[in-house]
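Take a look at the structure below.
Lettered A, B, C, D and E in written order, each chain numbered from 1.
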Amino acid sequence: MANLTGLLFAGGLGFMLLSIASGLDFGAPPMLVGSEIQAQAPQQTGAVNIVTSVVLGYRAIDTLGELSILFAAAVSAGLVLGRRHTTAGTQSRGGFILQCGGSLLFPLMMTIGFYIIFHGHLTPGGGFQGGVILAAAFFLPLLARPGAKLHHQSLSLIEGFAGASFILIGLLAMLEGKAFLQPMLIQDTLGQLISAGTLPLLYLAVGLKVGAELASLLSRLIQTEAPQ
Amino acid sequence: MSTNLVLTIALPLLGAFLLPVLMRSSVAIALWSGPAILIYGCWILAELWLSGFTQPVSIAIGGFAPPLGINLYVDSLALLFAFAVQLLGLIFWPFTLDRESARRQSLMLLLVAASSGLALSGDLFNLYVFYELAAVATFGLASASGSSAAYVATLRYLILSGIGSVLTLFGIALIYSQTGTLNLAHLAQLAPQQLNNGLGLAAFLTILIGIGVKAELFPVNTWVPEIYATASTRLSAFLAGLLSKLALLIILRLLLLIFHQPEAAQVILILGILGVISGELAAWRAKEMKRMLAFSSIGQLGMIFIAMSLPDGKGMVAVIALALHHLVVKSGLFMLAEDWGGAIQRLRGSAKASPLGAALFVLFSLSLVGMPPLPGFWAKFVLITELAGQVEPLYLLGLAVFLLATVVEASYLFRVAAILYGNPAEETLGEEIPKSQGLALLSASLFGAGLVATALLIAPVGESLQAIAAQALDIDLYIGTVSPVISGGSQ
Amino acid sequence: MTSAVTPELILYITAIGLITIGLAGVVMSSHLFRMVLALVIAEAGANLMLVLAGYRWDAVAPILTSLAEPAAMVDPVPQALVLTAIVIGVGIQALAVSILIRIHQRYATLDRREAAERMDAEIAATLGVPRDISQEEPLGERPLPPLPADRANMRGDSP
Amino acid sequence: MILTLLDELLLFSGATLLVALFIGRGLAAGWMVTILYAGQLLVLLKMAVLGYEGGSIASSLSLEVMGQAMSWRFDALSWFFALITIGSALLSSWFSCGAWERSYIRQGGNIWLFHTAMALNVFTMLILLASGDLLSLFIGWELVSWAGFLLMALAGGVATKAAMRYITYALAGGMAVFGGLALIHTASGSLQLDAVVSAVEQMGSGKLWLLVILFGGGFGVKMGLMPFHLWQAPAYAETPGPGSAFLGAISSRMGLFAILLVLVKLFGIVNIDSLKVPFTLIDARDLLAWIAVFTIILPTFTAMKQNDARHLLAWHGIGQGGYMLLGIVVADAMGGAGGLLHVFNHATYQAALFMAVTAVIYRTGTSDLNKLGGLVVRMPLSFMVLLIGIIGLAGLPPMNGFVSKWLVYRSLLNQGMPLLFLAAVIGTLGTILSVYKLIHNIFLGQLRVEHEHVNEAPWSMMIPMLLLSAIIFITGLMPGIPLEWVASALRTVGLPVPDYTLGGVESASGSLDMIWVIGVLFAGFGIGAVVFYSAGRSKRVHQLDNYAGGHFLSADVRYQYSDNFYAGLMHLIGGWYRGSFLWLERGITSLVEFLSLGMQGLYRRANAEFYLLTTALFVIAWVVI
Amino acid sequence: MNEIELWILLLLALTMLSAAVTVLLVKNHIAAVAAASVVSLGLALVFALLRAPDVAMTEAAVGVGLSSLILALALRRLGLWKLDVSGVESNPLEHPVENRDG
C-alpha cells in the first residue's frame, strides 16, 4: 500500500515539477541583480571572486545565519548525544601506514586549508571548503589512533570566538558609522591578498567556525560509545 | 536610531556563540547575559515605537542598496512582531539550571534571533535561512527534554520540515529564474509582469507548503501534536504562540506583495477550512491538556488562514487581530498547562487548589471561544462580517465551518473547565491535586492581564489595528520605502 | 546543440529526478536511516535546480580575470545561495543522524512505524492516559513487541 | 455627564454584583443583596413612565469599536421584562436569605458563588434588555447565556452535566445568531435597528428565510422551543432552590424578548407571514405557531411522567413558553396581549411553585414525588401557595394564568385556527393532570412516618411565597394592571393593542371581566358552603381512623400509594416523543465523536505520503489545469 | 557548452539518477551511503561543468567527503556497519522488519 501511494505520489510530483520546469527558459537568466553585482563588486568589495563578494558582502547576513545553523546543529547534536565520553570508539586502531600518513598529512592539510581560506576572494574556494579541510585535518588523527582525543576546550573556544568575531567585525563597521557587516578598508588594488579589506578576515572566521563545528560534530559522532 | 534594529538579530547570535565559553568561565554572567540581551532588545524596539514610529523604514545590511544587498523592512506590523519575539523569548526563557543549560540557552537565543529575522527581513532567501535556523534550534530544544518519545517526534518533525525546505528551495529557484532577484520589494515591482502566471503560482504553492510546516498549515502539520506533547511546555508555547505566527507573516507578505492570483487565495482557503475541521474535531476527544491545546491551535491557525484568503486584503484586520489574540491566549494556556499537563481527568478539583489558575483558564477559554466583551469576540466578529460579505460559496462554507467549529471548541474547553471546578473523584482522592503555581502561573496571569486590558481598551486597540493593517496592505508604500533600483540594468 | 538531447533537458530531468526520487524515498522507505539519505538526495536536487536558475550560455565562471573586458559571467548570486544551502543541509543531516543514534539506543529499532508506535505508547504512558482506539494499530498490522526490560527502564537519562 | 435613569439602573445592578462579589461570604450578604435588588426595583419604578406612556430612555453610554456603533436604551418592552426580572430576583433572593442560606451552607454549598451568579444574571439580563442595536443585543445575549451557565453549574455533579449540555445548546444557538448577524451586516451595512428594518424590506425571500431560521433557531434554543428543548428541564431543576425559581421565572423568557425584538419588531410579522414553506400550504408563521403548539404539548406530557417535583415544574416551564410564542405569533390584539401577559403570569406562579417545592425540600430533604405525601396537615401554608400556583399554572379561574390563556384561546378562535386551539386545549389538559399529580403526591394522601414531625416552612421563606400568591390572585382579579404595561409593550413592537379594562378586555367577539367571573365563582363557593354547613352533619375524624380488611390502620401501614402516578396513562401515550429527540441528540453527539476519532487517527498515523499526495494533487490541479 | 561536455553531462546524469535509485533500493546500508556519495560526486562535477567552481568545491568537500563520513560513522554507531546483504536485521533486540524499500 505504502509502495503504491508512494509511487503514485512520486509520479504525480515528478510530472508536476516537470510541467512547471518546462515553462522555464534555460541559459538566459534575467540577471537583474547578478549583472549589477558583477559591475559593482570589484569596487564595492574588492573581491575578484564575485561569489565571495556575494557571500561575504552582499549577502553576508545569510552567511551569518548559516554559521548559526551549523552552530545550532552542533549544539543540538551535543544535547542529543549527551556529554562526550572520553572512552574511544570501539573500532580497532588503524594500521601503521594510516598512523604515519595521518601524522604526515596533518600539517599539509592545515596549510592547504588556510591557503584556500585566505585566497577565497581571489580563487575559487573560501571559508567553507577550507573549513571542511581543516575539520578533516583535525579529524584525521582520530581515525588514525582512536585513543587520541581532540582538545575540546580549545575547540569550543574556537567555535565561540570565530563566530563572535564575524559579528564583531560587523558591529565594528556600525561603530564606524557604516551599516552592519559593511566591508571596510578596501584597497583599490585588485587581486592582492589584502585588497579585499576585511573579507579575508571574515572568511577566516567562517573557516575556523566551520572547521571547529564540523570537527566537534565528527568527534562527537565517533567518541560517544557505540551501543552494545 | 532605527539601524539599531540590526542588534535585535546580531546580539542574540553573539550571545549564543559566546554562551558556552562564558559558561565555562563564570556561570553567573553566562546565566544573566541571555536575559540581559533580550531586555536590551525589548528596550530598543520599545524606544523606536515610542519615538513616534509612523513611517516604515528599510535598513540595508552591509550598506548595499536593497536589490543587491539584503534589507530589513520595518513597518508597524514587523515591529510589533519583533517586539513580541523579544518579549516572549524573555518570558519563555529556559531558566532551569543544569549541565545542559548553556546549550539550551544558546539554542534559545538562536531561536530568538531567527524569529526576529523572520519578522524583519525583506529578502526571500534570507527569510529561508532564518527559517532553517529557527527550525534547527527548535529541533535541538525539542529533543532536549531527553525522553525517547521526544527523539522520535523530533526526527519526524525534522524530516517533514526537510521536505518543506526542499520545496521552498525549489520555489525560490523558480522565482529567481523568472525574475532574477530575491528582494521582496523588487519582486513586488516585477510580479505583475513576470510572476502573474502558472509558474508564479507553482512557486507560491511550493513555498506555501514549505513555510506551512511551521505555520501548522493543514497537510503538513502532523508534527504538531507529537512535538507539543513531548517538548517542554515553554518551547511549545513559543512555537504555538509565536513561531507559527511568524511563518504566517511570511506567507501573508508573499501573498500581499507578490502573488495576486485568486487561485493562491483559494488554495489557502481550502487548506484553512480543512485545518479548522481537522484540528477542532481532533481536539474534541483529546484526553490530555497539551494535545488538546495543540489540536486547538491547529484549528485556530486554520481560522487565520481562512481570514488570510479573503480577496484584496479585506481580511487583513481579522488576520492581525486573530493572530495577536491567539498569540496571547495560547501562550497563556500553555503556561497553565506547564503544571496541568497530562490527563485532563487528573485535574478534577484543581480549582480549589489554585483558584487563580482555574480563573485564568476560564478567561482564556472564553476569549478563545469568542465571548463578547473579550478581544476574541471582536477578532471573530471582524472575520465573519468579512466572510459573509463574500459571494463565493466557498467562503460561506468557511463561515459555516467556522461557526460550527466554535461550538465544538466551546464544548471541549468547557468540559475541562467543568472538570477543574468539579469535586475530586473518589479514586483520585489519594493523590495530590496538581496545582498551577510559580513562574508559570505568573506569566500566565501576565497574559491574562494583557487580555483584560485589551478588552477594556478595545476601541483604541481596534483603531490602531486598522492603522497597522492599512500600512501593511500598502504595496506602493513597501516598494517606495525599499526603493529597489537597478541603475545600469542589463536586459 | 545539434542533437535533440539538449543540456537543459538533461539538467532539468536530473534535478527534478533527484528531487522526486528523494521525496518519494522519504515517503516510501520504512527505515529511518533511508529517510535521512533520501532527504539528502532531494536537497542535492534542489541545489542543482538553484544553480540552473543562474546558468548562462557561453559564460565564464564569476571570477574576474582582468578588469579590462568583463566577459559574460554566469549569475553569481545563485551560486552563493547554493553554497549556503549545502552547508545548511549538512548541518541538518548531522543533527538527524545523531537523533537517529539516540532513537536506536532507546528503542532498538529504526523501523519508522514501530518507532512511531512506541512513541505513542510512551507519550500515553507519561501523560497517564489510556491510548485511544485511534492510536491502536489498524487492522492487518502486526502487534507491537513488548519494550525490552533493559531499554524500558532507561528513560530520560542518557545511557 | 448627566446620568440618565437607565445609567442609574445599570450602575445599581453593577453595584449589586460587586457587593455580592466582595462581601458575598457573610450571612448578612443575602439581606444586603436583597435590599439592593429592592433599590433596583425602585429605580425601575421611577422609569414607570415607560410602562404607561411608552417612549424610551437612552443610556449615556455608547461605544464605537471597529466602525460598529453600540448604544443602549430602555423602552416599554424592556421595562416590562426588566420588571419581571428584578421582581423575581428580589423575591428569590429574599427567599434565599436566612434559613435556606444556612441550610445551603450546611450542605457544603458556596453561598458566595450563589449570590454572585444571581446578581450577574440580573445584571446581564438588564444589559440584554437595554440593547439598542443588534450588536449590543448579541453581546447581551452571550453574557446572559454564560451567566446562566454559572448559576446552573453551581450545584456540581448532575447540575454540571446539565449545565454543560445547556452551554453547548446555547452556544450553538448563539453561533446561529452570530451568523445571522453577519448576513444582516452584509445586507444593511450596519447593525443599527432602523438600517436593518430598511434592509429587510428589499431582501429576497430566500435570504429572509435563512435569517428567520437562524434567528428563530438561535433564540428558540434559549426559549426551549421544540427540537431544542431537551437541555432546559434538567438545567433549571438542578439549580439550587431560589436559583431555579429565578431561572424558571425569567431566564428562558429572554429568548422571547429577542424574538419579539428581531422577528416581530425588525422583520415584522407581515414579512414572516409572506414566507411560504415550499410544497406545503402553510407559511413561516404557521410553522412557528405549530412549533409553539408542539412545545406546549410534548413537554407537558413529559412533565406528567416526572417523579421529581422540580423536574416536573421545569418541564412545565418549557410548555408554558409555547403559549407565549403562540399568542405572539397569532399577533392579533388578544393574542399578543395574551402572550405577553402570560410571561408575567407565568413568572409569578412558576416562582411561587418552585419556592413551595424548595420549602418542602428544606423541611423533608427530598423532592421525590414517590417519597412524599400528606404534608397538608404539617405545612398548610405551603400547601395553599402550591394550590394557588398550580391553579394559575393550569390556567383556571380565579388565578392569573386563566386570563392570559383565555386571551390566547380567544385569539385562536377569532383568527379561525381551530386545530391550534384544539392542540392548545390538549396541552392544558395535560397541565391539569400533571399538576394534580404534583399537589397530590406532595400534600395529599397519607403522611409518611418519617415526616411526622415536619413543621411549616420558616417565615423568611414564607413571606415571599405569600407575596407571590397575593400577586397571582390580584393580577387574576384585576388583569388590567399588567395589561396596561403589556399594552404599551405591544405598541413598541408594533402589534395591535386590545382595549382593556381593569377587570379584563373588551372586544366585539367576546369580552372578559375577571371581577365578575371571580364574583360569581365565590358566590358559588358561598352557596356551597351554606348548603354544606346547614345540611349535613359532618364529623371530623383522623386520617387513620378507619379500617380495611377488618384491621385498624396504623401510621406505619402504607394504605395509600402514590408511586408511579399515571402509569397507565403513560403506558397509553408511550415514551416515544421524548425518546425521539434524545435519539437525535445522541446521534449528533456520536457523529462528532466518530469524526473526531477519525481526525485523531489522521494525525496519529501521520503518513507523509498521504498528505504530500493530497498536496501534490492540489498543486497539479491548480497548475497543470 | 560543446559536444563533449554534453556527453559528459549525459553520462553524469545517468550515473546520478541510477545511483539515487540505488540508494533507495539496495538493501545494504553501506552500499546506500556509497551510492549517495556517488550522487554528490556527480553533482560536484555537474557544478563544475556549469561554471560554478566554488559550488563544485564545496559540494566535493562537503557532500562527497564530509557527509559520507558522517553517514559512515552513523552506520557504525547504529550497528548497521555490515557488509552482508541481510544488513537490515542487525540488532538481535530488533525483530525482523519487512523491507518496504524494494
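Rule of thumb we're sticking to: a residue touches a chain if its C-beta (ideal position, glycine included) is under 8 Å from a C-beta of that chain, and two chains touch if they have at least 3 such contacts.
In this text, all values refer to a predicted model and were calculated from it rather than measured experimentally.
What's the farthest chain from chain B if centres are computed as the mean of the Cα atoms?
It is D whose centre lies farthest from that of chain B.
Just by CA atoms, which chain is the most central one?
B
Compare the CA centroid of chain A with every other chain's and tell me the farthest one.
D
Round to the nearest whole Å and give the separation of the Cα centres of chain A and chain B.
30
Rounded to a whole Å, what is the gap between the Cα centroids of chain B and chain D?
46
Give, as an integer number of Å, the spacing between the C-alpha centres of chain E and chain B.
37
Can you compute the centre-to-centre distance for chain A and chain E, using the mean CA position of each chain? Integer Å is fine.
21
Which positions in chain C are in touch with at least two other chains?
In chain C, 7, 11, 13, 17, 19, 21-24, 26-28, 30, 47, 52-55, 57, 61-63, 73, 75, 77, 79, 81, 83-84, 86-88, 91-92, 94-95, 97-102, 104, 116, 132, 158 touch at least two other chains.
Quick check on chain B: which residues sit in contact with 2+ other chains?
Where chain B meets two or more other chains at a single residue, that happens at 125, 129, 132, 136, 139-140, 143, 151, 156, 159, 163, 170, 174, 176-177, 180, 182, 198, 202, 226, 285.
What are the residue numbers in chain E that touch two or more other chains?
Expected reply: 53-54, 58, 62, 66, 70, 73-74, 77-79, 91, 100.
Touching residues of chain E toward chain C in the complex: what are they?
On the chain E side, the touching residues are 1, 5-6, 9-10, 12-13, 16-17, 20-21, 23-24, 29, 32-33, 36, 39-40, 43, 46-47, 50-55, 58-59, 62-63, 66-67, 70-71, 73-75, 77-80, 88, 91, 93-95, 97, 99-101.
For the complex, which residues does chain B have touching chain D?
Residue list for chain B touching chain D: 156, 159-160, 163, 198, 201-202, 205-206, 209, 219-220, 222-226, 263, 267, 270, 277-279, 281-286, 295, 317, 366, 369, 371-373, 377-378, 380-382, 384-385, 387-389, 399-400, 403-404, 406-408, 410-411, 414-415, 418, 421-423, 458-459, 462, 465-466.
For a test of understanding, state which residues of chain A touch chain C in their complex under the given definition.
Result: residues 2-3, 5-7, 9-10, 13-14, 17-18, 21, 24, 26-29, 31, 33-35, 37-39, 41-42, 48-51, 53-55, 58-59, 62-63, 65-66, 69-70, 72-74, 76-77, 80-83, 123-124, 128, 190, 210, 213, 217, 220-221, 224, 227 of chain A touch chain C.
Quick check: in the complex, which residue numbers of chain B touch chain A?
Residues of chain B touching chain A: 3, 6, 9-10, 13-14, 16-18, 20-21, 24, 59-64, 67-70, 99-100, 103-104, 106-107, 110, 113-114, 117, 125-126, 129-130, 132-133, 136-137, 139-140, 143-144, 151, 170, 174, 176-183, 186, 190, 197-199, 202, 486-491.
Once bound in the complex, which stretches of chain C touch chain B?
Touch residues, chain C against chain B: 19, 22-23, 26, 32, 35-36, 39, 42-43, 45-47, 49-50, 52-54, 75, 77-78, 81, 84-85, 88, 91-92, 95-96, 99-100, 102-103, 106-107, 115-116, 118-119, 122-123, 126-130, 132, 155-158.
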